[in-house]
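Lettered A, B, C and D in written order, each chain numbered from 1.
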Amino acid sequence: MSYNSFGHIFRVTTWGESHGPAIGCVLDGVPSRLPLNDAEIQHFLDKRKPGQNRFMTQRQEADKVKILSGTFDGMTTGTPISLMIDNTDQRSGDYSDIKDKFRPGHADFTYMAKYGIRDYRGGGRASARETACRVAAGAVARKILGTDIQVRAALIRIGEHEINRDNWDWDEINHNPFWCPDRDMVPLWEKYLDDIRKKGSSIGAIVEVQARGVPAGIGAPVYAKLDSDLASAMMTINAVKGVEIGEGFNAAYLGGEENADEMYRDDNGLPALRTNHAGGILGGISTGADIVCRFAVKPTSSILSPRKTVDNQGRETEIITKGRHDPCVGIRAVPVGAAMMACVLADHLLLHRAQQG
Amino acid sequence: MSYNSFGHIFRVTTWGESHGPAIGCVLDGVPSRLPLNDAEIQHFLDKRKPGQNRFMTQRQEADKVKILSGTFDGMTTGTPISLMIDNTDQRSGDYSDIKDKFRPGHADFTYMAKYGIRDYRGGGRASARETACRVAAGAVARKILGTDIQVRAALIRIGEHEINRDNWDWDEINHNPFWCPDRDMVPLWEKYLDDIRKKGSSIGAIVEVQARGVPAGIGAPVYAKLDSDLASAMMTINAVKGVEIGEGFNAAYLGGEENADEMYRDDNGLPALRTNHAGGILGGISTGADIVCRFAVKPTSSILSPRKTVDNQGRETEIITKGRHDPCVGIRAVPVGAAMMACVLADHLLLHRAQQG
Amino acid sequence: MSYNSFGHIFRVTTWGESHGPAIGCVLDGVPSRLPLNDAEIQHFLDKRKPGQNRFMTQRQEADKVKILSGTFDGMTTGTPISLMIDNTDQRSGDYSDIKDKFRPGHADFTYMAKYGIRDYRGGGRASARETACRVAAGAVARKILGTDIQVRAALIRIGEHEINRDNWDWDEINHNPFWCPDRDMVPLWEKYLDDIRKKGSSIGAIVEVQARGVPAGIGAPVYAKLDSDLASAMMTINAVKGVEIGEGFNAAYLGGEENADEMYRDDNGLPALRTNHAGGILGGISTGADIVCRFAVKPTSSILSPRKTVDNQGRETEIITKGRHDPCVGIRAVPVGAAMMACVLADHLLLHRAQQG
Amino acid sequence: MSYNSFGHIFRVTTWGESHGPAIGCVLDGVPSRLPLNDAEIQHFLDKRKPGQNRFMTQRQEADKVKILSGTFDGMTTGTPISLMIDNTDQRSGDYSDIKDKFRPGHADFTYMAKYGIRDYRGGGRASARETACRVAAGAVARKILGTDIQVRAALIRIGEHEINRDNWDWDEINHNPFWCPDRDMVPLWEKYLDDIRKKGSSIGAIVEVQARGVPAGIGAPVYAKLDSDLASAMMTINAVKGVEIGEGFNAAYLGGEENADEMYRDDNGLPALRTNHAGGILGGISTGADIVCRFAVKPTSSILSPRKTVDNQGRETEIITKGRHDPCVGIRAVPVGAAMMACVLADHLLLHRAQQG
């Protein structure tokens, strides 16, 4: 039980607020003798870093990670790995407007209801800044997964525009500001999102995360299911409101003949699935097919239109959330989703090894 | 960490297979001095019981629950409550066909890949029978919630037919075999599902669970979020492939103006939300509005059409899954979903009290 | 977090009171395909069973264990193993005396202080009866340990009489009613304990548990230390008031020269320890030498002398605890201690495999 | 499950090695709105700080703690509190001797057996330096306990010299370098320890920790017992080899008449205990009397006498552990023991509130 940790064996604890001196995480249960250095983690942090193009918040953070423990001579030692990232751009400015008012759609009110105190200078723990720690953790998780397991994520929908899956090309995702796997969609999204950005508005999105190379047999049948741990992990990301595996909600529309994946004997003589409606998981355990998980990201509530709300004293008022915000936070959620899947898979690989050797 | 447990303070551990002598659960962390007897738990089990109408599996189970520990003089004592339900209708029949073949869409193959052994006489732990324990646990969870918090669930979609939410009437759900809150939809579903049943086919569904009366402030900000624990809980139910909160996947289509719930001062002078796009949760913490959670249930893979598969030896073959099955397992998932939400809320109420008093 | 569970991967949850219909446990995380049947568990339960000689409580319990789940065709399946033992001799008799009075040295008062309710018919969860579940769990743990690891326990002190360690002979422990490894001590203990028994008094004892064959490298450095998990496990046994590893409290008297075990190269060319002051654990991790753990068991507080106490209403009164009690509960704690060490070692073997393969 | 965390609700995770850039901890589950600043934590760290007199290691560490998260305007916010302490005196010097040789009585060999790699520049995680984090955590735990609960610790034995309990005076402990509560013992210990220090030897010790003001009813009956959590907590401290509660091992020598604490009605009309053989805990739950816990600390194995050992290649050799070491590490364990008890009590207070309100 922990409010700020997840994972069973590979266990991630994060700490830090958007406007404190630093954020960080402690990674426990990492096997020893994995090569690991700052640069390998930095590689993934740089992908999530804000301010890289006009479709992201203009907050400028170096997001430089430091390894404070758990490695020696460039190798993991099996002891906890402490990672820290200094906050360098906590532009304080004028908080008078948000200090006492609850921003609609933000956690201001619920934090106050729970704790009776909140750091009004930013989102506190609810800030997207916390996700940098997840990305750092994911980089270490990938070391546990090894090179045979590949975890990748893409943005497949922004508002009313969803990609054409027939155009899916993983090589594309690094060549546009959206992690979009459909080259044809990019110009449309650019125009669509520019309009939203200029209006000071925001829009929702859907992220898809896939893992290739996960062997059959990983997961557990009932309450430590691979899919329930994935659902939990994705739902912990800020602004996520829905998670699905394989056909997901579409399975509600299907008959058993369409949905159940038939099996065959593959070229190696092993059982394999002809289709992947299940998204790589049956009964909570991996089938050997690609793990496929999607999640919906709501539009950020930080918009320029005035909104009705109340203040700390319960008085009705209006608020406009100025500041440096993302027109589509779903974009930055892409590397975060991949990191979370890497963490869940690394944990379940170790967990499987625990019980089954 | 536990493969067969969930919850932080109110902790549920279930055990048992569909074809063993019994199934059961152990409930830990229940506060003392709550009135509790067998009949109160039985009330909820009877709602989930199979064989009650032609739209459910015809397996006949008395599903009689026995309290084996944790109560004294009709009151909880604070010690673990052990509940047991005998299996009475494990009609064994002829397993020769499914003994060696992997049923497509079932967990047969993945169990074998994980454990190298499986109880081929039924679904084992993956059987829907396990959910009886969740319903029993949910009955105890409701005692913790008290009468001010009301948890209810309904079926809102079967295949291509979704209810009209304008017709929503909670009183209707007990007056039709589908837990349908839209009286007008019932005859259509009856005809639709009869067709599917007669063809020996199956169909997916969507369940909606709501909780009224949850005070603002329950939950936690990051990795013990109320919504991530709900997502995890629902995703552990058999055949569930997607979970969403509030607007859920629809939030991907919305702009920030539409999605963020404005606030006002209610008649008691307290902050309240005008709309409930958030589904009662912001930043992982309850807003005081209704908690709204939906999940998608895939069609059962036990269908009469012959399906291609492989056997234990990796040889290609065909299989028809005869037996007593549900044309729409989503129906029986309705009380299970409500039970799981009751468990998660009870746990979080205690967890909140732990930290914040 | 669980009030009635222990273990990380191999996880034991027990339930049941001394005067309810049954007691039992659920064992989670057991690897699949281990041969397991009722008789193998019964073998160990029979060793703990009360009423076997005049030095134990005369409560007569068949202590017949039933496996309710988790095995198939005589093999573990990897799913939770539910074990149940019916209570057959809950001789109710007359509780009028203990119903309202707090027995000194018992948990009556503290249960009431915590829960505001207690099952006055016996010790409830605090009854030694609960330890039958630990012995059953230990029998399964031994299956995980395999035949190379041997866990044994002995009674080394009753009151003022401690064995002569030079006479230690493991073969002796099954040939006397005390699990005494020193044949010469047996007649003395018999006479000593007969006197105590006839007076209606009771006496404390010390149990020693040893494990042979545990490979070096099992455990963890800081908060999941093998020794801290052993200390916790032993301290959860009723009436245990102290735990020590290797030299234990005697280490307080020693200098570094005496206490630190020198190393040498053994016949296999491997590093080994010349002595075993450390009790087989350094830095929380096994050295490969025998694990040696001792614990002190207080005298039972159920004695025939009248004792001053208060009742539920806070009135001062006297009490004599009649009933069927153990003159030296330490005797029955011997197989319980061995079982607990088997559980901890099995858990740590799996935990080590999780992180380090 | 976590290798580097402890606690259920108030949960402490520590990280860092003696020769890395820093050490630290993350404290989760702390209630909000407790006043907290660096100085309050520093107060306790200063008590544990090495190099304060000739009876401690001469390593010079400022041990300056920084709060990196979880507070705002001098109050806790309910989010994780990250504390960091820079390592300033990792005098590297010449490790050639200990790099390849296993120091007898140290965890060098067991770390290598487990992880296949070790940071040979110091004790790594097994260094007493890690305990600074526990002391910092304990300072925060005391905030949760409030002023009504007082946790104190003292050294009661060094080698062959134990204090006279009749002389016990808590005010004395801050007026001598040993935390000795018996003023008469101080000169004797000074002379005794000077001799040991000059010989380059070391000696064991016994620490006693007491808590006053813990209300009756805190703890749990079976596997989250207050005493088992205390035993586990103390046994996780470096060099601790035994733990006992109340009479502890002495209970093995006692009869039930002597050991069971009689009860009476106190001046407030409440049930109370005449004696405290139980050490404040019965059935795992506090009685309201002082919690009394003792633990034995072995002599450090870093001594100047040459010792036989083996090296990484399994070759037999000798080693002398030069460096800055403690003649009696038990001294520095005193504030650590108090901190650990504060952590366990804070956690159990919250845990009790969770279940029982």
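To be clear about the criterion, contacts are C-beta pairs under 8 Å (C-beta built on N, C-alpha and C of every residue); 3 or more make two chains touch, one makes a residue touch a chain.
Remember, it's a predicted structure, so these values are computed and weren't measured experimentally.
J.: Hop across touching chains from chain A and tell me the fewest hops that reach chain C.
T.: 1
J.: With one step meaning two chains touch, work out the least steps from chain B to chain D.
T.: Graph distance in the chain contact network comes out at 1.
J.: Need the CA-centroid distance for the pair chain A / chain B, whole Å please.
T.: Roughly 26 Å separates the two chain centres.
J.: Could you give the separation in Å between the centres of chain A and chain D, each centre being the mean of its C-alpha atoms?
T.: 39
J.: Which residues belonging to chain C are in contact with no fewer than two other chains?
T.: Touching at least two other chains: 1-5, 8-9, 14, 29, 32, 78-79, 114-115, 124-125, 221, 351, 355-356.
J.: Name, in rising order, each residue of chain C that touches chain A in their complex.
T.: Spelled out, the residues of chain C in touch with chain A are 1, 9, 29-32, 78-79, 221, 350-351, 353-357.
J.: Under the stated contact criterion, what part of chain C meets chain B in this complex?
T.: 1-5, 8-9, 11, 13-17, 20-24, 26, 28-29, 32-33, 66, 68-70, 72-73, 75, 77-82, 84, 114-119, 124-125
J.: Residue numbers of chain B touching chain A in their complex, please.
T.: 1-6, 8-9, 14, 102, 104-107, 109-111, 113-115, 124-126, 130, 157, 159-160, 196, 201-206, 215-225, 227-236, 238, 241-257, 259-265, 269-271, 274, 278-279, 281-288, 296-303, 305, 307-310, 314-316, 330, 351-352, 355-356
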